[in-house]
Each structure stands twice: as C-alpha cells, then as structure tokens.
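Order of writing sets the labels: A, B, C, D and E. Residues in every chain begin at 1.
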Amino acid sequence: MEIAFYLSGLVAVLATLGVITNTNPVHALLYLIVSLIAVALVFCALGAPFAGALEVIVYAGAIMVLFVFVVMMLNLSDTVEAQERAWLKPRIWLGPSVLSGVLLLTLIAILWLGDGGRVIEGETLTAKAVGSILFGPWLLVVELAAMLLLAALVTASHVGRLSSPAGSAGRREPDARKEAS
Amino acid sequence: MTLLWLILIPFIGGLLCWQGERFGEQAPRWIALGTMLMVLAITLGLWFYGDYHLPSLDPQGEAVRWTMEWQVAWIPRFGISIHLALDGLSLVLIALTGFLGILAVLCSWHEIVHRVGFFHLNLLWILGGVVGVFLAIDLFLFFFFWEMMLVPMYFLIALWGHSGSKGRTRIRAATKFFIYTQASGLLMLVSILGLVFANLAHTGEYSFDYATLMQTPLSDGLAMWLMLGFFIAFAVKLPVVPLHGWLPDAHAQAPTAGSVDLAGILLKTAAYGMLRFALPLFPEASQAFAPVAMGLGLLGIYYGALLACGQQDLKRLIAYTSISHMGFVLIGIYAGTELALQGVVMLMVAHAFSAAGLFIVSGQLYERLHTRDMREMGGLWGRLGSLPGFSLFFVAASLGMPGTANFLGEMMILFGAFPLVPWVVVLASGGLLLAAIYSLLLMQRVHFGPPQGKEHFADLDRREYLMMLTLTGLVLLFGLYPQPLLDTTGAAMLEVQQLFEGVAPLSSLAKGNQ
Amino acid sequence: MSGVPMEHGLVLASILFALGIAGLICRRNMVFVLMSLEIMLNAAALAFIVGGTAWGQPEGQAMFLLVITLAAAEASVGLALLIQLHHRYKTLDVDAANRMHG
Amino acid sequence: MSLLPLTFLLPLAGTLVLALSRGRLGPRSSAVVGVVSVGLAALVTAWIGWHFVDSGVGGVDMTLWTWLSVGDFRPTIGLRLDGLSLTMIGIITGVGFLIHLFAAWYMQGEAGVTRFFAFMNLFVFSMLLLVLGDNMLLLFLGWEGVGLCSYLLIGYYYWTEANGWAAFKAFIVTRLGDVFLAIGLFLMFRELGTLNIAEILQRAPEVWAEGAWQAQLAALLILGGALGKSAQLPLHTWLADAMAGPTPVSALIHAATMVTAGVYLIARLHGVFELAPGVLYLVGLIGAVTLLLAGFAALAQTDIKRVLAYSTMSQIGYMFLALGVGAYDAAIFHLMMHGFFKALLFLSAGAVIVSCHHEQDMRRLGGLWRRLPLAYAGFVVGGAALAALPLVTAGFYSKDEILWEALAAGHGGLMLAGLIGAFLTSLYTLRLIIGTFHGEMKSDNARHAEPGRGLVHGLPLVVLAVLSTFLGAWIHPPLEAVLPTSPGAGVHGAGHTVLGIVAAATSLVGLGLGAWLFLTRWRWLSERVSTGWAARLWWLWHNAWGFDIAYDRLLVRPYRGLVRLLESDLIDRLLLLAAWLAWGLHRGLSLTQSGKMRYYAATMAAGVTLVLLVLVVSG
Amino acid sequence: MMLTTTHLLALMPILLVCATALVVMLGIAWQRHHTAVAVVTVAGLSLALLSLIAVWGLAPLATPMLAIDGLSLFAATLILMAALACTALGHAYLAHHQGPREEFYLLLLCATAGGMVLAASTHLATLFLGLELLSMPLYGMLAYTYRERRSLEAGIKYLVLSAAATATLLFGMALLYAETGRLDFAGLTASLAGSPGVWSLAGAGLMLAGLGFKLSVVPFHLWTPDVYEGGPGPAATFLATASKVAVFVVLLRLMLAAPVFGEGWLHGVLAVMAVLTMLVGNLLALTQANLKRLLGYSSIAHFGYLLTALVIGEGLAVEASGIYLVVYLCTTLAAFGVVTLVSSPYHGEDAAVLHHYRGLFWRRPYLTAVLTVALLSLAGIPFTAGFIGKFYIIALGVEAGRWWLVGGVIAGSAIGLFYYLRVMVTLYLTEAGMQRRDAPANWGMSAGGIVVLGMAVLIVVLGIYPAPMIDWVQALGMTATG
C-alpha cells in the first residue's frame, strides 16, 4: 500500500518535472498524462478509487485529449520547439526555480511544524458515499457546478469563434474616427 | 433660518450664474454681483439689528451663547446636526466675505471673458463654502465646508489662472494648493474624530457639537495630539512657515478674483479656526504649545519678509508678504490677551483689505502691461493715471503705516503680547522694518526708476476707481475709527481670552519674571 | 504499521503545486502555461483527497470532483483563448500579446 | 481754541483735493490749492497762538474721539496745545507756508506739480499731528506719516533710479529707529499703563525710581527713534542722500521740521529722560560727536545741498547736546532759529539751483554773486546765522545759550566740542558761500544763470532772512510751563559773558581763517587735498567717515545675500522632497507594471511565499 | 441538512438570476435580438432585486452552505444593482459591436449569480464554486471583444492569473480541511477555537492570497490595470464593482466567522498589506494617462482603505465596510459608466486615453459633471458620498487607535488627490487640435446614460444626506450571522 503510494508519488513528481522542462508540447502532454495516471494511482493507494477513476477518465482522458487536440490542430511545428529551447535558458528558469524551491521548502516546513499524527489507513471510501453527499446536502453545489460548466461552455464557444468579420470591422474603424474628428 | 440662507444664497446664485450664461456674458456677472450684494446686505442687517454685546462666559462655565442659532438633525447616527450659529466674530468675517465677494466679481468683470458662467459658479461656491465655515459650529459640518470650498478654488486657479515662469503652471499651483490643504484637513478630521471618540468614551453618546465637545475631559497627551491635528490644518491654510509652500504659487497663479479671495478670506478661515476651535477646545494644550506657535509666527514674519524681497513676480511678492503678516496673527492668537486677540481680528480685516487692494492693483497692472514680472516694469508712476497712487496707499497699508487698519492690528497684537512675551514682541517688531523693506522694494521696482516706454496706459475706469476708493476708504475708516468693529467682536474675543487664561501658566510665568 | 502519514500525502501535493508554479512562471508558451495550471489544480485536488481519506470523509472526494470540474472548464476556456490568440497573432507567447504596461 | 483741528485739517483737505483731482487740476491750480491751504493753516495757527499766549493757560487738551478702546488700551485722537506744541506748529505752518510759496516758484514747469503739493500738504498734516498729538500712538501716526512723505518727496524725481534708492534708504533707516520707538512704546505701556503723554510724564516718576532699568531702557528706545528721525549717529546716513528731492522739500522736511522731530520727542518726554541720567548724557554725547563728525564731513562736500545737509546734522547735534545737558528750552530755541536760517539757506540754494539749470555742484558754480544778488544775500544772512556771527544773527543767541547751558550743567567736554563745532561751522559756511558765489564761473550753467523773479520767489527769502537776524531771536517761545528749567537759566554771571566772548571769538576766527583760506588759497587747497595723507582724510570726510560703506558691507550685503539664498524658498523645496519621494516610488513601482504575465505570476508566488515565510518565522 | 421549501424561497434571488440566464440562453438559441435579451436580463435582475424584499422577511436563515442574512442581502442588492447598471451600459456599448452581442448578457447573469452565491456562502465548497462561477464568465466578458488585441490579452491574463489564484485558494482550503476535517464555516470556527494549528494558519494565509488576488491586494495586484484597460467597458465595470463587492463580503464573513483570519501574525500581515495597498495603488496611478488603468489603480487603493475595516474587525468595522462598499459601488459605476459611454460609439479600443477627454466639459457638460462628481467622490471630497466613506474609514481607524492605518489612509488620500485632480482638470481644459471623443449627443436618453446620471445624483444625495444609507446598512449589518 505504502509502497504503491511512494512509488507512484515519485513517478508523478518526475513526470511533472518532465512536463515543465520539456520543450515539445506533445511530449510534455504525454508526460502530463503519465503524471496524472500516477496521481490516480496515488488516489487508489490512499483509498479513493472513485477519485482515481475519475482522474483517469476526466483528467487524463477528457482534458488531456482536448489539449492534444488543440496542439494537433494548431500544428505546432519544429520552430516552436526551437523557440521553446531558446526560452528555456538558465537565465530564465533559474529565478523561478529558486522561487518555487523556497515556496516548496516553506510549505514542507509548515507541514513539518504542524501537528501530523493522522495516518491514512487506506480504507476505501466508495462512490456511493460521495454520491450521497453530492446529491444530498451538496445538491446546490452540483447545480452551481452545472451553471459553471454552462458559463464555461458559452465563454469557450464565444471566444473560440474564428470566423469573424474582422475585415469589415477594420474597414469601418477609420470611418468612425473620421466622424469623431 | 437666516443663517441657512446666508449659506444657500451663494450656492443657488452660483447655479443661476452657470445657467445664466445662456442669456449672454453679462448675465452671470450681474447675477453674481446681486447675490453677493444680497449676502452683504443680510449681514449688515444682522449687524445693525443684532446685539453682539453678549454676556461672556461666566465663572460657572455657562455655555457659550450666540446671537443667532439654527439647528437641525443631519446624521443622527453620529449625533451630527446642521448647527449654525452667529456671534460677533463670525459676523465680521461674513461681512468681509460678502464685501470681498463683491470686489472679486467686480475685479473679474473684464479679466474673465471665457466661460463666464462657470467662473462665477466657482467663485460663488467658494464664498458659500467660506460662509459655511464661519457659521458652522458642528465640527463635522465645519469640516464639510472646510474641505468643500477647496474644489471650486481649485478650478478657479486651474482654469482661469495665469501660468508663471519656470514651469510654475497654474494647474500645478492649484494641485499643490489642493493637496496641501486637503491632506492637512484630513489630519483635522482625525483630530475631530479623536475628540468625538474621547467624548463618546466619556458620555456614551456620539456628538460633534461644539458646546458638547468643549466639555470633554482629555488627558494632557491626547489633548496635545488632537490640538496638533487642528493646528496643522489651520497652519497650512494660515499659512505658518514650514507649511506655506502652496501659498505663493496659488496666489501668483490665480486670477485676480481668486487671489483676492485667497488672501482676503481663505487665509482668514484658518485664523478663525484657531480662534473658534483650536484654542477653546484645547486651552491647556494650546497654552503649552503657545511658545512653539509664537516661534513659528516669528519664523513666518522673517521668512516671508525675506522671501518677499527676493521675488520678481509681483503677485508672488504680495503672497509672501501675506505669510509675513500672518506671522503676526499667529503670535497674537497664541498670546491670547484680549488686546492681542482683538488685534488679530483687526489685522485680519485690515490684511483682507490691503491684500485685496494689492492684488487688484496687480491685476489691473497685468491687464495693462500683460506681465507680472517686475523686471519689465519700473518708472510706471507717471504712466498709469491714479493707479500708482492706490498702489502706494496699499503698500503703505501693508507696511503698517499708522492711520491704516493694518497699523492698528499689528500694534494691538504687539501691545497685547508684550507683557507676556517681551522678547517675542521685540523680535516681531523687527518684522516692521522688513515690512518696510519689501513694501518699498515693490514701489521701487514697479513705479520708480527710469520708465521703460513713453506711452501712457489707460487710467482706471469708473468701476476700478470706485473699487479702489472704497477699499481705501475702508482701510482708513478702520484705521481711524475701529471701535464699532472691536465692539462687535469684543464679546467673542473675551470668551476666547478667558478660556485661554483659565489655564495660563504663561502669563503667570511672565509675571514671575518681572 | 500500515498507512501513509498525512504529511507525506500533503508533501507530495506541495511538490506538485510548487512544480506547477515553477512551470507557470518560467514558461512563455501558453500551452505549457495551461498545463502548469492543470498541475496546480491537480495538486490542490490531491491535497483534498489526502485530507478526505485521512479523516475518512467523502467530502474530500466531493471537493475533488468540483476541482476537476473547474479544471475542465478552465482548460476549455483557456484553450479557446489560446486558439483565438494563435489565430490572430500566430503566436502562443503569452507575453507577445503584451500591449499594456506602465 | 476749537479752531485747533483746522490747523491740520486744512492741509489734509488740500491733500485730498489734490489727490482726488485725478489730473483735472492744472499745475497752477494745484500750486494755489497747496499754498493756500497751508497759508490758511498758518493764519489759524497765528490766531490760536495769539489767543493762547493771551489767555495764559498752561495747556489745552482736546479729545476728538476715542481711537479705540480695548481693556486698558484706550488711545484717543486727542490734541494737546501747550507752549511746546505751539512753538512747533508755528514753525511748521509758518516756515511751511513760506516754503510752499517758494515751491510754487521752484516747481514751475516740473512734471507732477499736483503730486508734489499733495505730498507737501500731507507732510504738513502729519507733522502737525506729530506735535499736537496728546498720546504716543497719535504721535507715532504723525511720526510715520512724515517719514512716508519724506520718502515720497525724496523720490519725487522717480525716473532717476538713484533717487528712488535714496528715498528707500531714508525710509528704511528712519524706520529702524521707529522700531526702537515702537518697542519703547510697548515697554512704557506695560510699565505705566498709558500712552497719554501727560500721564506718562506724571506716572513715570511714581513708578520708576531714578535710574531704574526700565526707565533707562525706555529712554534708550525712545532715543533710538529720535536718532533715526533726526539723523544722528549712527542712524544719520540717510540725510545726505535725501537731498535728491526737490530743494523746497529739503528745506521743509530735511532742515526745518521733520529732522527736528527727534529733538521735539525728547523734549516732550523729558520726564522719562530725567529718570535716566545715563541715557540723557548719552544724548548729549551723541549730539556732540555728531556735530563734530558732520562738521568735518560738511567741509569736504562739493554739492551745495550736501554741505547744507551735513550742516543740518551738525546743528541738530547741537540741539541734542542741549537736550543732553537738560537745556530743553535751549534746544527748542535753537530748533526754531535753525528752522529759520536753514530754510533760508536751502531756499537760497534752491534759487541758485533753478537759476543755474539744476547745477548744484560747487565745482561747476562760482562767481554768481553779481548775477543772483537775492540768493547771495540769502546765503550771506543765512550763513552768518549758521556760523553764529556775533550779535547780529539769530544763530549766535541760540548757540551761545546751548554752550552756556552745557558749561553750567558741568559738561565742559561737551561745551568744548560745541566750540570746535562752531569753528568748523564758520569754516564750511564760508567755503560754501565762497565756492558758490565768488571766484570765476566754472561752467556754462553758471554763466547763463537766470535770477528768479516775482513775489513768490522773493517774499519767502526776504521774510526768512529777516527772521534769521537778531530780530528772529526776539521771538521767545513760551516753553516755561512745559519744560523744566534748565541748569543755566537765569544765571547770568561773569562766566556767561566770558563764554559769549570766547564763542564769538571762535566764530570770528573761524570766519577770518575761512575767508583767508578760501578767498586766496582755494587752488592750493584743492591741490593739497588731492595728494598724500590729506587726500585720504579728504576722502574720509567726503564720504562722511565711511559710515555708508561700512553699513553696506556689514548690513546691506549680508541681507542681500540672505535674500538671494532664500529666494527659491528653501523650506518649500525641502517639503517638496516628499513629492519627489512619491515621484520616485511611482517610477519604481511603474516598472513592476511590466505587462508580462510571467512576471505577474512570479510576484504573486513571491507574495504567497512571503506570507508563508512570515508564518514559519513567527510560528 | 437538506433543502426545504423555505430554503428554496430564501434562495429565490439566486434562482431567479439563474433562471433568467437559462431563459436568455434559450432565447439566443431561438432568435437573436439584442434589445430583447437586454430587456429580459433587466427584467430578471429587477425581479431578483424585488424578491430580495420578500426574502428580507425570512432573514436571517441558514440554508445548507448558504446564509441568507443581512450581509448577503446587502451584497446581493449591491451586486444586482451593479449588474443592472452593467446591463444598461452593456446595451449602449454593444450597440455598435460587430458580432454576437447576446452572449454578454448570459455571461453577466451567470457571473451575477456567482457573486450572490459567493457573498452568501458559509461553506468552502460554495465559496469556491461561487468564486469560480463569478470568474469564469468574466473571462469571457473580458475577452468579449477579442478582435481587439487588448481585450484578448486581458482575458488571457485574467484567466491564467485567476486560475493560479484559485489553485492557491484551493490548496489553502485543503490545508484547512486536512487540519480540521471541516468545510463549513461554523465547523471551522469550532475547530479553530483556541489555538489554531500551523496548517490552518497556512491554509488561511493561502486563502487570503487567493481572495486577495480578486481584491487586487498588494502584492497580488499587478493584473488589475492591464485587465481593466483591456476589458470592454461594461466588463471592466462589472469586474470593478460586483466582483469586488462579492469577494470582499465573503472575506468579511470569513473574518467574522473564523477569527483565525484576523488573528496573530495573519492580522499583522493583513495590516501591512492594507497600508501597502493604499499607498502602492495611489502611487502607481500618479502619472497614469489611461483613464481605465487609472481607475484600476484607484480601485486598488480603495480596497486598501477597505482592508482597514477587515484588519480592525470590531466596532464600526462592519458598518464602515458596508457604507464604503455602497459608496464605492456608486462611484465606480458612475466613473466607468462615463468611460463606457464615451467609448461606445467607436470601434476598436475603448476611449480611455486621457487626452480624449480634454475639454469634454465644453461639449458634454452634464456627462462631465457626472465624471467630476465621481472623481471627487473617489477622492473623498465633501458633498459626495465618497467623503462619507472616507469619514467612516478614518473614524474606524481612530476608534480603534490604529494610527498607522489612519496615517496610510491620509497619505494615500493626499497622493490620490494628485491624479484625480489631474483627470478632473483635463475635462475642463480646451486646447485646440487635440484628438477627442464624445459620447453620442443623446447619451442622456440611453439606458446607460440614465444609469450614470442616476449614480451621480445618488453620489451627491448620499454625500449630503447620508442618514438613510447609514440606517439601511446598520439594519442589515445587525443581522449578519457568523
């Protein structure tokens, strides 16, 4: 149990490191999927298999596919990779690494200082328990989540619109200026 | 209700001026003139019919009494009410406001030709705010008007002012003025609130009322801090020297009407504030602070005078002389004897007239010469008709020539303060010499010396002549027969003096010295 | 002894969180920026799961669900913006859009 | 007596008419208004004087109104007529009228005659208030008023910049004295509780013991005021420059009336000075020193008006000397006589100047006695009085009395100084007359001199000339009731006679020596003083012992430096530092708004880290 | 606790807003019509506003995860008012927009619902979801005119940074949860009574950072000017008003409920942040030449002042924050409204550069008067509501004797004056040859114009006669449940 946790935790960390250091978007995405699956394993190891399953299905499945889709669609070429390599000079990543390192150390120090003692037994919490909460007292929250998704949907569909009469807008602009002056 | 109308009339008149511009350029001017005449008439009516020989504070500490009072609840949450009251001091200053308001309208008759309506809106709102300051005895209301009147003044300077040399733009001057006064005003607000909460802790009730707050017991330290809050706000506006920076710029860059109002009335609100609030609310702290205040007054006298000597811009010179004169006022206020306090009133009135006169003169010079730079003047005596005569008169008034009201003001302050603080008075007397130096330097640079041209400029027209003559007459009148004025403010000043003397470590100290 | 101390779970979450931040800060390509955001959200979700399992409560997983919802929504909107950016300016550099400062 | 206010109201009315005429009055009408108003005032004065002397009362008080009343501070607009003030108003209106009359001739064709007479009338008004005021504040009003008029009239020819500065200097230097006087008033009011002169004189001995420091201080401060006004050391430097004004002005203000106000003041407040013997002695000492120094300075002047100016200083020195030895009446007597003959001298000088097309440098005049007989006569008579030619001149009697009083009071040193002064006076008087009227004509201006004509020109000269002779000395000012009797009064022993002879001899020797030197040895003298140590001495005398230069170095320049230092408002600059700070912070912070998102995110992360670090450190 | 009918009734305003959103969505699907959608939106928001009166009778009431009490009603009123104003402004603004306009209202309604939920939340889940429901549509609103580069940039910046902030917030919540095992405020309060553990403190700190981002508290403020500048007028208005009000109210609720946020070191951190926020916000604005950026900086500063109330958290604090929020809302609506109106007849970027406004007074006097009043109110000058707000803040500081905060407020105000005056005087200057933009001549007749005028009148009326506002806020503040 514990071994599974630590092992998959290690994998998750390494894969994530790969995500943020990789220069190729597709490779990075693959690393991210690995990381997410590792986290899903962590969930299972901790006794939340429902969450693990969702992690794989929603995160690694749906969201990452969306990412891959977009990356493919945009047809990010080698120039992007070259550019990424250029942007990833030590001068650029050193500062952020130090900063997040300090943040990490601080967080760990806080976790260390805090009262631990609680141990995760790995007892399984079933989907049923989760569901009865969600559709019980948290009903409102679920509805709100629906609204949230609606808002996201509308936003994405509006913002993602590519066929736009940009040309005509551009043409009319000088007219408006003329009126003003 | 009359008191409320005194405040409302200028505000309403201002709006009318704004809208009156539709009926031509002259309409706002006449409306403004009518409005100010109305204010002055009401004030003079009150003066005539009111009784200002009031019984002063009796030994039991009976509340201060007013000739007229008007009160209506405003913000009950904090015990704030619209509480207006009139006594001799406020009456005199309101009358002054009305009079200088008329002058301000008159002297901008030809000077302001753009956006006349909006100009008079601002002008009248300043005056309305000032009247409010002089009438309010609810501290919140007082602060309200105190801050409010800055806005139209800001516009007046920023929109109709003149830009000076060396990047002294009018907007910069206006902004400086606004920030100085507003920031210091906030300090006063903090002090007011400190006082209110101290009173709350004591009585359990919110109140911003003057009479109530006067009864608040304060610890020495707290009283000193609160007093300082008030003092700084007033000191900025008076102005007292380290805090005077806004004044020369604002005065120099403002249009004539603005300078007249600034020097004539706005500076007086500060002295009024000290007399009405800083001293009576914190007599002990004020008493303890008096040596510092007088020191600052001395500094102001000398600093203002020295700087006045170095100015090339006519209006800046006059502005610095104001600083110097206000040093006397400060000394008088903190000397706190009856004679000195009455002298303060006298000097305030006199300085209002003489500074207004000088600013109008410089405005008229500007209209004719299109410069305020004294290096481009000189030898004007024979080229300007009767204008040099009037400038001579107001210069003489400003240097404290006997016979003018300024002389009486300064002398009363010095006579009144001498028994308490002889050395301060001796040093302040040096200011009389410096006053002569800067005043005559003005004459020398403007009117004496070789003429820089042959042509004659337009003589004063009837409107200008009448204005100057009225001012001259008033300066002389109060210089030779000031008793009606002194009788009016006597009761109010006696109260201040008694409050101040009630604690009087200073006067006993002085007596011990003898 | 069996079981993982809660701190360890939280430390794992912290590491992922910090890595996410590092990615956010040092990457200019918006694809990577969005991925970093996903990592950070995922780290937070992990922390909830850890808390939930440690207390033996389903609330942790319920929160996880909400977070994952958000992540999905965020990703979709983010990608839509990314497409728009690429479409208009042929770049994915977030700072390339930088027109405003001062 | 109720006509008393008319004396000063008439000149005031003249001023107002002239000032408010706004140029509608021509030069002629202006002159008429100016002269007539003062003339009427003189008539009123004469009428009042006659009644006053006739009635035999000691003094008349007349309160017009209470100026102001606050607590104990109740100065009035009140007049007091007594022997002293009567004498003064007599001089002021009488001599004033004559000078006005002469000025009507003198100012013909000048620009701004209206202005001139407005100021002159205002001066007469102020001077009358000065001497008539029954309290110190009113006196101060007149005191400052005459100062202002003096300023305006010195600067009458405003288009020459130097004249403006001369006027400026005159006002500022006297104002310095006035400040002392003002402080003196504060002190007296604090100590005595009144400003009324009669009450001061009455209370001073009650409150102060003789020699009390308050009395000494008060007397010293009043003396300060008197020194400034009367151009005594060390505040004397303005008078010579004041000659920039029109000559009638010099005659009226800087010879006959205003400069003697200091003498009047000390005489008026004699009660205070009596309580401060040290200060009183100082008065005499200052007088003696001034009369000597000014006498030497007068010797070395080339401008005829400047000679007269230094001579005035010197003569006022005599008056101070008299005051210092307690001979107030002698001082006033000399004041009056000096008023006559010095006015005469100035008017004659004015006649010369106008006739010679505004040439007033002795080095470019000369030989005028034939062309300008009236002026010459005026100079001779006036000069004789100045030099105290025995028996026939007014000056002899007044000066003799002063010397005798000094001796009688036991101040032999002062007396000796007076004698030396008399000798010097004879010398420089002769130098002046000879330099101007004898010898050859040294310029075209002198050669083309046109004598003045007309009654307006002649009458004042003649009247003043008569008054400068022993006839003038017959006028006896009714001072007995006002001033304490002087030490030498009524004592007419052998000492007095001897002294009279000595004084007469001094004067005569001086005149003789002068006549010999300047008539026969003029050229030799001129050469002598342009080389060697004599040149240096000459330079020193010519610059009146270098006071001006010293003051310029010690006071004026440091002041200017200070002004220049502060010109840009240093304190304001300091406060502007706050603005600069805000500005700097703004610039710095604006850099953080780089628009770069990574940077924004990094800042947020840093913020979070910081918050947590605080927790770790504090927890 | 399960939902009951009463609860549903109490949630009526939120439900009404959500329902309106659905109606709008269906309407768009059926037939696009700009004005009709706007009218429906206004109707729905007005209904919700009216239903608040009905709900007032039920308060205080605790539904599961949401509290219907004075505080949330207060916030709901303000948010709905802001939403109404934004709708009106949006209608004027979008009239000239190329492309679909109707989605804007849909997003606006969603965000409004989110804000109301956020302000009423008493549970970390609702807090989180409310916040996201508020932010998610805002991404869309900010990037709504994505053809304009700045708008797109604003959307991206806000999305990325806001998501990062949300992640921080979530991580903080998770820490709190890990320590206490509770997610509801009441439970948190109970578990944290006494001495809270380090994790909780860290969690609270992280949450504070997350929420502070939305309030643009220094050092989480950097996004503000860019986003305000880039976003279209109505969106920026909503962001500056409704969004900030909602977030502030929930923070206030957290402070009141769980003292862990206002104690010990966190308290100190908050105080330092407050002072920094006041000063930095004002300093940054000093020479700003873009009016929208300037208003952004100004709003940073104003939330610095408001933080004072949170730092002190006793005495007048709740009342003061209530008053200040009302005042801030009116003022900001008026100021942004004018900018929006001036920008609306033009394509491309908003007319926000200061020289566009030069001499506006002489062309559109009343509109300028509105902007002047708004600026004066922002500066806190008497005769405007802003003064009452500042009065409250200073009174609060003085009452608690927090002189550093008071000093910060004063210094901030003094600095602030500089740029408010600068803008103000520009409106009145006339110099020929300047590029300028005007609102349409009949601006006063449009819905946006009426809103703006109404706000200006409100500012002045509340400035002169604030007693009703004070009474209202007091009445609502009394019923705030922990």
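The definition used in the following text is that a contact is a pair of C-beta atoms (placed from the backbone, for glycine too) under 8 Å apart; a residue touches a chain by one contact, two chains touch by 3 or more.
Just so you know, these numbers come straight off a predicted model, no measurement behind them.
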Where chain B and chain E overlap in contact partners, by chain label: D
Each chain counted as touching chain C and chain E at once: A, D
Chain whose average C-alpha position is farthest from chain C's own: D
Centre-most chain [mean C-alpha coordinates]: B
Taking each chain's C-alpha mean as its centre, the one farthest from chain B: A
Between A-C and B-D, the pair with more C-beta contacts: A-C
Computed distance of Cα centres, chain E from chain D, in Å: 77
Chain centre separation in whole Å, for chain B relative to chain A (CA means): 67
Mean-CA-position distance for chain D and chain C (Å): 95
In chain B, residues with contacts to at least two other chains: none
Chain E, residues touching no fewer than two other chains: 125, 129, 132, 136, 139-140, 143, 146-147, 155-157, 160, 164, 168, 198, 202, 225-226, 418
Overlap residues in chain C, where contacts from two or more other chains coincide: 6, 10, 17, 20-21, 24-28, 33-34, 45, 50, 52, 54-55, 57, 59-60, 62, 66, 70, 73-74, 77, 81, 84, 94, 98-102
All pairs of touching chains, each written as two labels joined by a dash: A-C, A-D, A-E, B-D, B-E, C-D, C-E, D-E
Touch list for chain C against partner chain D, complex: 21, 24-28, 33, 94-95, 98-102
Partner chain E, residues of chain D touching it in the complex: 582-583, 585-586, 589-590, 592-593, 595, 597, 599-601, 603-604, 606-608, 610-612, 614-615, 618-619
Chain C to chain E touching residues, read off their complex: 6, 10, 13, 17, 20-21, 24, 30, 33-34, 37, 40-41, 43-45, 47-48, 50-52, 54-55, 57, 59-60, 62-63, 66-67, 70, 73-74, 77-78, 81, 84-85, 88-89, 94, 97-102
Chain D residues touching chain B - in the complex, by the definition given at the top: 19, 22-23, 65-71, 73, 77, 111-112, 137, 140-145, 148, 151-152, 155, 158-161, 163-165, 167-168, 171-172, 175-176, 178-179, 182-183, 185-187, 189-190, 562-564, 566-567, 569, 571-572, 574-576
Residue ranges of chain E in contact with chain D within the complex: 156-157, 160-161, 164-165, 168, 198, 201-202, 205-206, 208-209, 213, 219-220, 222-223, 225-226, 264-266, 268-269, 279-280, 283-284, 286-287, 415, 418
